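The two complexes that follow have chain A in common; it is paired with chain B in the first and with chain C in the second.
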Partner chain A sequence: MNVTGPAQTLSALPKGLALRALPALLTLVAMVIILIICGIIQPHIWSQSGLTLIMSPIVALAIGSMAQMVMMSIGDIDLSIGFFIGMITAMVASLLGETPIIGILALAGSVLAYAFLGALVQLRSVPSLIATLGASFIWLGVGLFLLPSPGGRVPNWLFNYIQWEPPLSIPAPIITMIIATAITWFVTKRTKVGVHFRSLGSNPVALERSGVSLLKTRMLAYATVGILGVLSGITLSAEIGGGDVNAVPGYTLTTITAVILGGGMFTGGRAVPWGTLVGAVTLGLLTVLLTFLNLSSNLQPAVQGLIVIAVLAGRLVVDRMVR
Partner chain B sequence: MGIGKFKCLAVIVALTAMFASTSSDTIAKEMKDAPSVALSNAFLGNAWRRSMITAFEEAAAKAEKDGIISSWKVSNAPGENSATEQIAQLKALLLEKPDILLVNPASATTLNPTLQKACDMGIVVVVFDSATDLECAYIVTNSFGDWARLSTQAVIDAIGGKGNVIVARGVQGSPPEIEMSAVQKKLLAANPDVKVVGEIVSFCDSAKAQEALLSTIASLPKVDGVIGCGEGLGAVQAFQTAGRDAPVVAFAPSGRALKFWGEGNGAPGSVAVMSDPGQGVAALFTAVNIYQGKKIPRVTIFPPVVVSDDERDKWIAAVGDDEIASWQWTKELVDAQIQANIDGKVADAALPPVPVR
Partner chain C sequence: MMSFRNFSFPPWTWSFLAAVIVLILTFAVSGAGGAQTLTLAFTLAPYLVLVGLGQMLVMSAGPGNIDVSVGKVFSLGGLLSIAVGEATGSWVLGLGAAAAAGFAMAAISVVAILYVRIPPIVATLATSLIVSAISLTLAKGFQGSADPALKGFLSWAPFGVPAFAVVVILLTVIVSLVLKWTTWGSHMLAFGQARRAAGYAGVKTKNILAAVYLACGVFAALAGALRASFSAPNVELGNDYLLDSIAVVVIGGTLLSGGRAVPAGVWGGALFFILLDGLLNLIGWDYAGQNVLKGFLVLAVLFLASGAPILARRSPSPDTSIESEDEAQEDRL
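Moving on to the complex of A and B:
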């Protein structure tokens, strides 16, 4: 092909790939711009300790967004992930430190509970919105039962993790986020199970005709969400130095935003781990940017909303250009 | 005249050196450079927090002009009182290395690792309007016991120490409510002629109190006072709706409630009490003292805002409609309050003057 120019290169890409990758690229551009602005205002961020400081609060959000991404790839939406992550921090701070075996059993039980939730959605045709909304109250109740008021103690190994300074000046939070994303990428994009997840989202009838059990697939997907939720909760409890079931109810909607920013869809069938990572980091960096900008108190929430809307609007434009 | 100039310079240098060697130690201890200040607020969604920020911005701008602080910034975390957003915001603030960090936290525990990091960097950390078990942080707060004492005593005094009262309770079981309820019970026990004829749960909220009172008002005898925590407006409206005489109540010191009170609603002797949105300012001047090396107790108690009957009209002039009344703390007033804390005389300490705008 000897045609050049941006329009031609766009259409030269396979359409599906372009549709999947471009929204994430747009978000990536936004993320890099935000990082550069932050770096200009506050050059201290360009160091191991600086990047660790601003990235560490984002780790739990990024892994939680991975969970939501898996959920959305099968066409479901998880309205309970915020309280689930909160409940996990309560488990970590109350059980895992003092009685590690019971703690691990409790964490495994939470994953199983998620798998059963998947079974409920599949067998009884309950919409996932309703099932997960109901589950969120169960997570809240269990969390409050384990740790009635915020606090508790995190295990020592978790305490050591937040003090960790990896060699080559690589910030620890970035390593954690990339490993979590790489694993999610491998499972959703490079394994048979991952293909099943995505077909469950885009074309469940075809998946069933090819002889795959929808029940098993949905349960596996929900279990994966549960595992990622547990990981997110563990990193969060390291960050807050304890447990609090009410720590992050806002994650439920923020994780959905991160997936959409990363190129995911409400209708399912699309797994975008790297895009979701970029989306979560962008959302997390917004708080940092607003803190640096020194805007008037009344303007800060409005500016945050405007930036998110601008990026989403940019995505719509890109989608249209590709089509 | 090159040599003369050189001599002159040498003398100056020698003098400076002498001066520096004799007194620099004491000077450095007494007067460090004016500090830079950052305030981290978890939430901007209600009138109290907005009044707190307004009061702080006014005071900080003045303190900067007076050279008490070198610079200041206010940072409100986005979201609904989210601890993780505030952690992200605090970590960004840490990169700027302020000398003083004032925190109105989203939660009493979840910020601990982040605030510990701030302490480790040598930043003076003062938490206000909340408790924290973090040992390196100083606390500036109002006591809920004082709040209950001031509002309950005012109602008892206004009804002359005898009569029928209703007790309005806050969020039952919450630590502030337990503390306030204990003080109310103690004061009621000390005044046996005051009879409790009913108890409602008002959540210290005007609308909820109105609803709760309307459903029980028909069964109540004559009521002289409502002992509560700032639900006066709704309580008076409930009695007015039922066509009965308004009792003595405790209002919230919001501009709206004060105006309503000023229009002659609520029996004489009513009062308005609430925790002080000026706490951010009190925390600022307390932190400056800590920064300058003064010995300050880890927890400093400041008085809640109290609007009495006779000073009501002065307050109405000073408080905007959407605002909550706040004390206008100055460095001198804060120093006096800190001294009262050190001497253990918080309950008897003089209240600041009514602010003028």
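Moving on to the complex of A and C:
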């Protein structure tokens, strides 16, 4: 078999690891290329304020993608995360600012609602796709009820966060993203619960026979998704300075793409927090790049779609070389 | 198979039951004008049914298959058919252009799924991004209105029976017959049940996948073209149709894991959704309340319907077959 240059170095790694890490590595290459092109067009981004400016809209997407990643690691898909994050921004901008206690209760209730959704999926063997679809109507309705039109006021501490300039001129959004990813990595890869999540995705029968409650595991996983969704919503409302349930309905599908770009799979059993972070940042930077290129905003989605296809096609080619 | 039939309800029962309950509630609230409610529901439902039929074909082709571009293709079909119809003066050409656009857009998804091996949900998402760019460009300074003859037909309801609904019911029957009685239909369902086994048995798997996605694209674009002729074209016309189409298909009894298509159930699900919107408007709920209730009802229907007479409950074999399917899918991804 003819082994080409780059494949040879990769084959030096254990093959399984190479295959798992490869998708994220390719996405990382794409991300670096996009970042460099952005830097050439607009050298101002190489500063604390510049990087903060282009990275801060991506924070919510990155944390939302973590939520989707946890969901996909148990073999489920969340079609409601976009409206859920929107609903959380509405909660933050209406309840949390005025009556913090009710606001916190509402946020906790949202997490609980997610856990119940997990129970429905497990107990009645409802497909997660359709259960979360039903839930997305509820999130939209609750969000509209709390905040019929975009606006509201975010609490002061969120304002302070947005204006925070960390020492050593590290951009604040990058710190937030890395902390969120590290926590997700720790939970999904280094704890017992995380192992349960992944085995629920890859082999639920084995998990049950080892004496673990599938219901409890799925409810915990859904609650984790809910918690990450709440965090994403909080960062988003800080970013947009208010609340809007219709702020990011597109996140539902974008987060799935981020997980796939990061090496996740629909069939579950694989948790890829760092890959997902790279995927989300790549998708976010793509928007920045297209804006820098002065491309008509009407054409931006098409270019985005084509680049996603191109990255995945590139992965296929390299994947074949490694195999 | 027959012995199961004798003891269990057909899978579309629950969706129609839900629709009938909502209808009875509507009658109870409004007091009179029952026939009018039904006519209105049957005027609005066919568009959702058309999109749903396409989505149903895609979903029946096995786990993981879903088309999330239907909403955007719907809007594009609407804009394009009105634009072409206005330019050429013929609504037939307008509909033809919409169908061709739907076909072309679905072809992008098909290439991405079959040759680039992108998971369908991401591939169709990429397609929908491309489609929305085309729609946005097309909609810039868009003016135009539907052909009066076509518009007249779509709202024509002799004796309270909308003519267009009859056409779509005929189409639904044709789709059922194709699935039930043709070789292609059996191949498609076999492919949905066990991808690998069907492949070994000589089913041309690529053709099946291509056909369902192309049909879905054409149905969505045509539905959009007709919907735009019924009211007015708009970039956001199709947005609600994405989630609604998935919901009505599953409520109608089609299995998300593939291999069981229930065309009649699409009607049940669509009528349920349309009647529900009507009922909530009638009792004066705002959009927020409508969505919350809609969500809870979808979950309630799922809760009731999913544990019911589905074959998987009776024998353990379908469960294991689904799992091995997943593994096959995993290899493919």
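Keep in mind that, in the parts below, the second predicted complex is superposed on the first by the 303 of 323 C-alpha atoms of A that agree within 3 Å, B and C clash if a C-alpha of one lies under 4 Å from a C-alpha of the other, contacts with A are read in each partner's own complex, and residues count from 1 in each chain.
In this text, a contact is a pair of C-beta atoms (placed from the backbone, for glycine too) under 8 Å apart; a residue touches a chain by one contact, two chains touch by 3 or more.
All values derive from a computational prediction rather than experimental measurement.
Enquirer: Give one word, clash or fit, describing how chain B and chain C relate on chain A after superposing.
Expert: clash
Enquirer: More residues of chain A are touched by which partner: chain B or chain C?
Expert: C
Enquirer: Given the touch rule stated above, what does A:256 touch, chain B (first), chain C (second), both, or neither?
Expert: So A:256 only meets chain C here.
Enquirer: Under the stated touch criterion, which partner chain does A:306 make contact with: chain B (first), chain C (second), both, or neither?
Expert: Only chain C; A:306 stays clear of chain B.
Enquirer: Answer with first, second, both or neither: which of chain B and chain C does A:138 touch in the superposed model?
Expert: A:138 sits against chain C, while chain B stays out of touch.
Enquirer: Which partner does A:184 contact after superposing on A: first (chain B), second (chain C), both, neither?
Expert: The answer is neither, since A:184 touches no partner chain.
Enquirer: Is A:276 contacted by the first partner chain B, the second partner chain C, both or neither?
Expert: In the superposition, A:276 touches no partner, neither chain B nor chain C.
Enquirer: Quick one: classify A:73 as touching chain B (first), chain C (second), both or neither.
Expert: Neither chain B nor chain C is touched by A:73.
Enquirer: In the superposed arrangement, which partner chain does A:267 touch: chain B (first), chain C (second), both, or neither?
Expert: In the superposition, A:267 contacts chain C only.
Enquirer: Would you tell me the residues on chain A in contact with chain B in one complex that are also in contact with chain C in the other?
Expert: Looking at chain A, the two contact sets intersect at 298, 300-301, 304.
Enquirer: Which of the residues in chain A end up touching chain B in this complex?
Expert: 42, 44-45, 50, 53-54, 56-58, 60-61, 150-151, 162, 236, 239-242, 244, 247-248, 250-251, 284, 286-288, 290-292, 294, 297-298, 300-301, 304
Enquirer: Show which residues of chain B lie in contact with chain A when the two form their complex.
Expert: Per the stated touch rule, the residues are 41, 44, 53, 57, 73-80, 82-85, 87-89, 91-97, 107-113, 116.
Enquirer: Going by the contact rule set out above, which residues of chain A touch chain C in the complex?
Expert: Per the touch definition, chain A meets chain C at residues 75, 77, 79, 120, 124-127, 129-131, 133-145, 148, 205, 253, 256-257, 260, 265-267, 296, 298-306, 308-309, 312-313, 316.
Enquirer: Considering the complex alone, what residue numbers of chain C touch chain A?
Expert: 64, 66, 68, 112, 116-119, 121-123, 125-130, 132-134, 136-137, 140, 243, 246-247, 250, 256-257, 286-296, 298-299, 302-303, 306-307, 312, 323, 326-327, 329-330, 333
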